[in-house]
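One chain, chain A, links the two complexes that follow: it is found with chain B in the first and with chain C in the second.
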Partner chain A sequence: QNTLNVCFSVGYSAVALNHVIDFKEKKQEIIKPVSPSELFPSLPIVQGTTKRIKVLTRLTLVVSDPSHCNLLRSTSANIRLYDIIAVFPKTEKLFHIACTTLDVDLVCINVTEKLPFYFRRPPVNMAIDRGIYFELLYTPAIKDSTMRRYTISNAISLMQICKGKNIVISSAAERPLELRGPYDVANLGLLFGLSESEAKAAVSTNCRATMLHGETRKTACGVVYTVKKPRKVEEEETTVPACKKAKTQA
Partner chain B sequence: RAELPPAEFERRVLRSAARHHYLRVRLELADGGARPNAAQFKQLVVSALRELHGEVGAALPVDVLTYEEKTLSAILRVISSGLVKLWSALTLLGFYQNRRCAFRVLQTSPFLLALSGNSRELVL
Partner chain C sequence: MVRFKNRYVLCEVLSDDPRCRQCIEDRAVGLAVRDAIGRVHGDYGLACCSISFTVKYLNAYTGTVLLRCRKDSYRLLCSALPFVRYLESRAQRYPCALNTLHVGGTIRTCQKFLIQYNRRQLLMLLQNCTNEEERQCIRKSLLSCSLTEEQSQSGDEEDDDGTE
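And now, the complex of A and B:
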């Protein structure tokens, strides 16, 4: 709770509380997220505006086996209670599956150890088209110097493939002193090789896009759109009236 | 009405006009323990630069213009090309004498005068 108070004082406008599920241990059940209203009876106001700070809940799945992904497709009610869903792939196949077919908002990139696989361009481009963002953590870089090197090297190799698009930088802070302000984090993006505008977007616009992606994932089930058929004009005969066709796509 | 001659103005863009950048920072420590004095503070900043950017980073010309021991806040001056290095080194500093610490950068500006007012502390 202290950590959240520090967040608000430093100048963030939305915070997500993370819950990590690791599938290597047995008997993992997804529990209901702690509702933010239990922690704070009234949320403080963002610095400089009149809106209140949003506190969201987020779930991270550490997957090392394709069978773990079945949980995402199951209709367990508890998954739907989380606002943002992130997946942490451990192998190259899972990274490919996560980028192309899984229904998640974020793909976490490991920063604490050397990546066992190299990024390839096709799955990364597909993820960018689908609106999935890649997440980098910066708190390990504060704790340990070896992890600093891994963070920066993994981030640089990611930048080379994705050219700085769709990146979100977040902290995995457990204590209030491990948190850094938003402009400090944007500066870290410059270290990773992003340009200035991309670095600021990694903290602001991309995060907001992730939140909206999570909302649409929770609510949208199908899309209905109408297409106007082009009018055929024939010189001799009367014109055929244009007809509108309704198309439903599940 | 006589027509006025068209106004002539010339646009000059100065990308890197200022030679120094100024940062107002505050060091937050876990409670208890001795507070660093000015010399130890400067040494902390230089060691943070050395940890992240090596000897070249530690050689960056950084000056501590003011330092208050009570609130642990200071105003640093660094050459403009070294702002990113200094700021990232301060952000990633985790420990001071085996105690957890955090640097909060409150304001940064190429002009020292701009550090005197803080629009975030305005009471609306």
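And now, the complex of A and C:
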């Protein structure tokens, strides 16, 4: 909870609490997410504006086997309760599956070890088209020097393939001191090979797009296309005065 | 006109430990930042950034630090600031974090930003105080608000009261 307080004081407007599910243990059940109202009786206000800070819940699935992906397709009610779903692929096949077919919002890129697979352009481009973002963590880089090397090398190889689009930089901070302000995180993006505008976007606009993606995933299970043209004419006929009718029909 | 252009980086020191505030000194902060630059950018980065590197202003009560560096190397400095993990002084290490507030070309722009920032922080503190604290704290914070109003009108730096 201290970490969240520091988040708010430093100037973030939305925070997501992460819950990691690792499939190495058997009999993993997805726990209901901790609702943010239990932690805070009243959410504090964002600095500089009058809106309240949003606290979202997030689920990360560490997948090392294609059978684990079935969990996403299962109609477990608890998954629907999470706002953002992220997947952490361990093999190249899974990365391909995650980018192309899985119903997730974020694909986490491992920063603590040398990547066992190289990124290829086709799945990355498909992910960009689908609106899936790639996530990089920065807290291991702050803690340890060897992790910093892996972080930078993995991040730069990702940049070379995706040209800096669809990147989100986030922290896996467990303690309040591991957190950094948004301006600092954008500067870290410069280290990862992003340009300045891309780095700022990685902290602000891309994150908001991810939130929206999560919302649409939660709420929109199917798309209903309404054919608007005849309706519009009907509405105009009822609302538009008689003198304009001739123009609209023409 | 040929002159050296500098960048002034305004940061805030965040820490858990209340004793850390007392031991914020310009030498300690300068050493910590230099160490971080050396770790992240190596010898080249360290040498580039320390051409005109000093700690210009320090406020131990609020933890505000103003650093100066050359315009060519301010990116190296800014990108290394997140990697400052602890301050070391008098043989004691305090874990801390630096939060960048503003980067400006002159001290005056940084001062203007700092005055606005402090005003906002005081407003937030006042909101919290009126809900929870006793009358003495409310009086103290009100007094400090009025003091800083006078100071800001005269254009000086604002000092935050240690009522946190």
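The working rule: the second predicted complex is superposed on the first by the 225 of 250 C-alpha atoms of A that agree within 3 Å, B and C clash if a C-alpha of one lies under 4 Å from a C-alpha of the other, contacts with A are read in each partner's own complex, and residues count from 1 in each chain.
Throughout what follows, contacts are C-beta pairs under 8 Å (C-beta built on N, C-alpha and C of every residue); 3 or more make two chains touch, one makes a residue touch a chain.
Keep in mind the model is a prediction, meaning the values are calculated, not measured.
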| item | value |
| --- | --- |
| Superposition on chain A - do chain B and chain C clash or fit | clash |
| Touched partner set for A:Pro66, first chain B, second chain C, both or neither | neither |
| Which superposed partner A:Leu177 touches (first chain B, second chain C, both, neither) | both |
| Which superposed partner A:Pro122 touches (first chain B, second chain C, both, neither) | neither |
| Chain A positions touched by chain B in one structure and by chain C in the second | 10, 47-48, 138, 141-142, 145, 148, 177-181, 183-185, 187-188, 190-191 |
| Touch list for chain B against partner chain A, complex | 28, 30, 51-52, 84, 87-88, 90-94, 100-102, 104-105, 108, 119-120, 124 |
| Touching residues (chain side chain A, partner chain C) in the complex | 2, 6, 9-10, 47-48, 138, 141-142, 145, 148, 176-181, 183-185, 187-188, 190-191 |
| Complex contacts: residues of chain A adjacent to chain B | 10-11, 47-48, 138, 141-143, 145, 148, 175, 177-181, 183-185, 187-188, 190-191 |
| In the complex with chain A, residue positions of chain C that touch it | 14-16, 39-40, 75, 78-79, 81-83, 85, 95-101, 120, 124 |
